[in-house]
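Chains: A, B, C, D, E and F, in written order; residue numbering restarts at 1 for each.
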Amino acid sequence: MERELANIKDTVNEMWRLVISQLEKAKQSFLTGDVDLGHEVMSRERRINAYELKIDSDCENYIALFAPVAVDLRLVLSLIKISNTLERIGDFANGVAIHVVKDDCIAFTKALSEELRMEELFDVLLRMLTDSFVLLQSENTQLVGRILAQDDTVDQIYDDSIEVLSNYLANHTDQTPCGLKTLLLIRKLERIGDHCSNIVEEIVFYVDAKVLKHGGKTVPLDRESKE
Amino acid sequence: MERELANIKDTVNEMWRLVISQLEKAKQSFLTGDVDLGHEVMSRERRINAYELKIDSDCENYIALFAPVAVDLRLVLSLIKISNTLERIGDFANGVAIHVVKDDCIAFTKALSEELRMEELFDVLLRMLTDSFVLLQSENTQLVGRILAQDDTVDQIYDDSIEVLSNYLANHTDQTPCGLKTLLLIRKLERIGDHCSNIVEEIVFYVDAKVLKHGGKTVPLDRESKE
Amino acid sequence: MIKAESIDFYYGEYHALKNISMQMEPNTVTALIGPSGCGKSTFLRLFNRMNDLIEGTRLEGKCWVDGVDIYDKSVDVDELRKRVGMVFQKPTPFPKSIFENVAYGLRVNGIKDKKFIAQRVEESLRGAALWDEVKDKLKKSAYELSGGQQQRLCIARSLAISPSVLLMDEPASALDPISTSKIEELIYSLKEHYTIVIVTHNMQQASRVSDKTGFFMLGELIEYNDTKKIFLNPAMEETQNYITGRFG
Amino acid sequence: MIKAESIDFYYGEYHALKNISMQMEPNTVTALIGPSGCGKSTFLRLFNRMNDLIEGTRLEGKCWVDGVDIYDKSVDVDELRKRVGMVFQKPTPFPKSIFENVAYGLRVNGIKDKKFIAQRVEESLRGAALWDEVKDKLKKSAYELSGGQQQRLCIARSLAISPSVLLMDEPASALDPISTSKIEELIYSLKEHYTIVIVTHNMQQASRVSDKTGFFMLGELIEYNDTKKIFLNPAMEETQNYITGRFG
Amino acid sequence: MRMKRKKRAQWLAFALFRLLGVLVVALLIWILGFIVYQGIGVISWEFLTTGPTEGMTGGGIYPAIVGTLCLVVGSLVISFPLGVMAGIYTQEYAKKGKLVQFIRLMTNNLAGIPSIVMGLFGMTLFVNTLGFGDSILAGSLTLSLLVLPIIIRTTEEALASVPYAFRVGSYALGATKLQTIARVVLPQALPNIMTGLVLSVGRVSGETAPILFTVAAYFLPKLPTSILDPVMALPYHLYVLVTSGTDLEATRPMAYGTALVLIVLVLIVNLLAHGVRNRLGRKVKMN
Amino acid sequence: MDIKRKKRRGLQAWVSWWIEKILAASGGITAFIILLIVVFLFKEGVGLFQSPRVDEGYVLLMHSSNEVDQLSADELKGIFDEDITNWAEVGGKNQAITSLRLDQIMDRFTEEELGGEYEYLSQRMGELIATTPGVIAFVPTLYAPLDHPAVQAMTDNTIALRDFFVGKEWIPTATPVPLFGTLPLVMGTLWVSLFAILIALPLGLGVAIYLAELASPRVRSLLKPVIELLAGIPSVVYGFFGLVVLVPWVQRVLDLPVGETAFVGSLILAIMALPTLISVAEESMKKTPRALREASLALGATHWQTIYKVVVPYASSGISAGVVLGIGRALGETMAVLMVTGNAALIPHTLMQPVRTIPATIAAELGEAAAGGSHYQALFLLGAILFLMTLIVNLMAEALAKKQHNKGF
């Protein structure tokens, strides 16, 4: 029983490392304009999908066969959600690679990347992703605050980037399509930050059984008060 | 045991109806520019979050207490994912409302809405959402093809909209910020389509235990072939 | 409502229960779980003073049933046992007819009114979800029933004397899954009217039927909380280890 | 590898097994589940011809163990039973010392070499994950062991005569959860070397220990498939109803 | 009020039962006490080791003791192996069904046949038809018929109390039926079979009616030299002393002495039975 | 593949085959013995109904004018005891009866008349009978003047079944015909046994309840051996005790002419039946599942209610089997009864009379009966009756015990 759960966790770890490496490579290919690297990222995207499917089905089997409770159950439910989220993050890394490979706007984006603080954005995201990986391994919830704080940086960079882009496009009307695509790219990166936050919430739920999602507080449902 | 599961399903249904109504109202407020309606949507967003939390925790309790297997387990796992996805959809409906309420770009968007086929987009999405609701109730998987086909329409509208926007912005440089915001808005609506597809996949998994996700085909993982 | 306060219980020298305080609410199913020999049955049997039957036992602390200190000298044990029904691991119908089994508790309490008895028997059998299955063969021997039906008969027998508390010591452990699920259904429906305490080895069963769960180990009450809490996020390491199957 | 082909089995007039064909692979744990009285034990006992001990039974169809048709006239039943070990519901150690219990199977097969016996006993006890617990008290009576240890002793006893198949009829149903989980661990580790078939009432157990599961009902084999498949997405409506607890 | 009545009935009933318990003990003490009190003075080494003299108004009971011993040994040598084998057959080998039921019925009936009828039978068959005459052989055979059902039944019960699981467990290890019985079943059943043996000793040494016409000699001061000799026996001797002595006053003390010896014998047998059960019981487990 | 290895243990298989056969042979032993018993008892006894009533070598003579040619054993006894003095009483003419035995005949004649070697005895006898129309004479066949025209021998029929089974008198030594009426013996046996059980049952049941339910383990472990001991004491010792203690005691206390009565017999039998009854009842009560007992208590029943509503009913068939078994024992008990009941072959009217039981009769009389004689045969028939009585009782006990066996659990 513990063996099975450990196996699933190993698979999640592998997936996680793959996602980190995908993001890393996407960043590299983006910063250096390395199309080959971009292709590599794109080709490995399907492996991430495979991981997600495998983890999903392993977890379902695990629940069906072993009827876990308490910490085991929380872990396995968290792992399902984490793998779904990692898959999304992988998707976004793939999006970056596609952006590089398509090549039509990469020059535009790179030109602006300094101003858009793209490298910083990538670094923060990679740090978040790595930190939450460490969080799951160490189960040390003191990391949580740090990771969530980083997401604020991401949001900041994203908000700023809209302004930067508007200003730039106002002056370079011919590059509007590339501007739009770049916006979508940055938007994707911003979502990676959100997703990392979700992962952190899941880990906290697994470790402490505390619900962080939606600030942990929401309006009570009528149904609930009825019950 | 069946009672408990039925309760959870009821909660999901309520949430679903709420999300549909949110999207409906977001569409209304967007098309009519009704700020009050927008506020209403925004205020009800927290109820959706509450639903998600409740369903998550009910499902966790259900698995912990009743150790479901087979169709029961698949249903409860699907419900977890469906409620997460509905919450996302709710978020996007909320995004639409915010767009309306903030008012700074609404005029811009509305002006283009004909050309961007916004109303059609909303309608398709509402139909997808309602169809998948029906799908869950009827468990009639013949609906699946129809719903997934609608997502193609959504993608089409989205792809077109980028072009429409680029063209428009090239001529109206002063409205670049609003253009970017509108792009993000449409991007959100496009994501609703994707999410509806995800819901459909989950339902299929529940009903038939067939995995539709990722086209059902992915590269095999080395780990898998090892085992 | 039943309550134990600072209970210590000894079988001769053996300290079987250690300083246990616990309160079980009406209209609630409380499950007692824990490894074999941890004292669950002993604790349960405190409340109808079944342990009195064993020689050389000693009790410290107090037990209340519906506000009465049941180990007080003034308490009539037979009266107490009418208030506190008990169902055992193995179905134990008397070698009498189905009807007489249920009527037994009434008769030993001196009730002679035939109409009243017939009426109580029917009510009790209905309460135990058995009426439809046996209404045509009330005069038949109770041994002609299946194991699961016998167990429900035993429950009906307890219900007949209108107890306020029902104690069940592994009521389904000798039954097959189908009978087990019927008993669980029954327990669920009974909690509307009774304070129910159930000892079970089967954690799935505890999680399915109970509202609150108490976890015993080596004569101590390690944790007592809502069943949901116990099974999703127990407070104590020992509880977690036990329910997730990581023993010793 | 063991195999049944078109088995029909009768207790007198009662048709207990109906046209069952099933093949169990080596290094695999196959679980047999199903409602009480559906014929699981009967089916299991076909493979070491334990049903021969019951009078008035009749068999149609064929059974193979390691490629031999075991109901053929030329088969020596005692030899067959050495090849096919069996573990029963209740631990049944002989009233002998721990050592003698394990040595029994060797002795009745005429082995006298003391060194060899001692060595096999140790190997078997190790195989049953019991050696460390008993190595210092091999001469003690087997009854001084706990229920779970006794059951492992019975498994060791079967291992001593080097069977290729192990049949287990509810091997843990009389044990507490801790002993149960040890037995399950043991089954898992044994499958490396044996073809294991286990009958169990406990669906959780079937799902935990087995690779393949066969679902019986009213003497018929309703579904036989990978355990994962059975528990996540059974093909037959009956199976689904049974494992999800929706009986009749 | 109702409660009080319930309680009072209980109190009364229980008081009565306790009284009855005391009564039974009192009865035993009375019987034993009376005989011990009257007989203890008679017992002496001489009483136990010499034959009767002076028309049984003097001397001892040595020949009767020897005779009873001969009968015990003789009858058990016959009935024990036969009974154990019969028990093994019905319990282990015979197909459960009409035949076993019939045999068991017969065994129970044999056990219920009055000893005097057995005596009649022994007389016609062994004494007259087979021509053994009044002899140890005829008496032992008759007595062995009397204890045969006891031995068969204790054997059967002892075997039946060996859990079925042991047998199945043994078969499952490839043991044959004979091996299973010899190695698992019999060792486990032995203590209980032995108690059957010991109880038979008690029965044989106390029976009078069956030996009346098959072996017992009224007055025979010499010891037997072959199994075709008649002997005296303690119970019959007591009967004779009590009912047909020439001088009842003079023989009375002898009668008390003989009764005491008989009772001591029974006491020893009972103690032995307990001892055997306990000792063998433990030994089998530790084996 | 070694599953198929041919029976390797040739010798072993051969040995076990033989062992099996030997065991099977011994299995049938009890049935065989019972068969033998039946055969021998009846073989020895059934001759009684084929042998003449009048002792072999004797004959009854009457005047040839006498129309009576059938007399029952009772009538004959009445005639020779001179209770019956007129032929009319037994269906003949109104004529006084003159009953004559050989010695009475011989008294009527001188030695010369009879001859030195009694060579004229037969002739004299013929004359005597011829002159006495109301005569009936019981004489040895050797001397019977059967060819004398005035003499007729009474048709000698065999002993009637009816006389045996419902005859009210048991006088096996009576002449001219012994009386083998078994009714008093059967009645005596039944009376003594039934009263014994009536005394023993409440006592035994009470003690059994005490032992099974009330006694502490220590008391129980003390009492059980005591009861076993009581069961083991030989019956002669009980008889002896009864004779020297109970008989005088009963005689004194109840002020009876004799102390040896059916009552003392029942008392001794009751004491002897107690241990069996107690242990059977106690065992079947102990078999009541603990769970059943607790279930009753848990329903608020008192301990006493639990005993009589649950425990005793549960054990009832076991208890009745014990009772029936006790009756069987009592029926067949020989020595103790023989020593204390007085042994008068009368149909008992009160318990305070001496009675004689079947086993006591056999024990007391077999030694004196000539082998093969009608007395001997009658005793064997008594044995057969006893055998049948106990057989019936045993079958009943069996049936009852089986009932308990079938009860649930």
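What we mean here is this: a residue touches a chain if its C-beta (ideal position, glycine included) is under 8 Å from a C-beta of that chain, and two chains touch if they have at least 3 such contacts.
Treat the numbers as computed from the prediction; the structure is a model and nothing was measured.
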Chain grouping by contact, computed as though chain F were missing: one piece
Set of chains adjacent to chain B and to chain D: A, C
Interface residue overlap between copies chain A and chain B, same or different (over half shared): same
Of A-D and A-C, pair with higher C-beta contact tally: A-C
Chain centre separation (chain D, chain E; CA means) in Å: 47
Whole-Å separation of chain centres (CA-atom averages), chain B against chain E: 93
Separation of chain A from chain B, taking each centre as the mean of its C-alpha atoms, in whole Å: 19
Residues of chain C whose C-beta touches two or more other chains: 78-79, 109, 203-204, 207, 231-232, 245
Residues of chain F touching at least two other chains: 302, 305
Multi-partner residues of chain B (at least 2 other chains): 1, 60, 64, 67, 69-70, 73-74
Residues of chain E defined as touching chain F within the complex: 6-7, 9-10, 13-14, 16-18, 20-21, 23-25, 27-28, 31, 34-35, 82, 85-86, 88-90, 93-94, 102-103, 105-121, 123-125, 128-129, 145, 148-149, 152, 176-178, 202, 205-209, 212-213, 235-236, 238-239, 242-243, 252, 255, 259, 262-263, 266-267, 269-270, 274
Residues of chain C touching chain A in the complex: 203-204, 207, 231-234, 239-240, 243-246
Interfacial residue positions of chain C with respect to chain D in the complex: 35-36, 176-178, 181, 201, 203-204, 242, 245, 247-248
Chain A-facing residues of chain D, complex: 204, 207-208, 227-228, 231-232
Interfacial residue positions of chain A with respect to chain D in the complex: 1, 60-61, 64-67
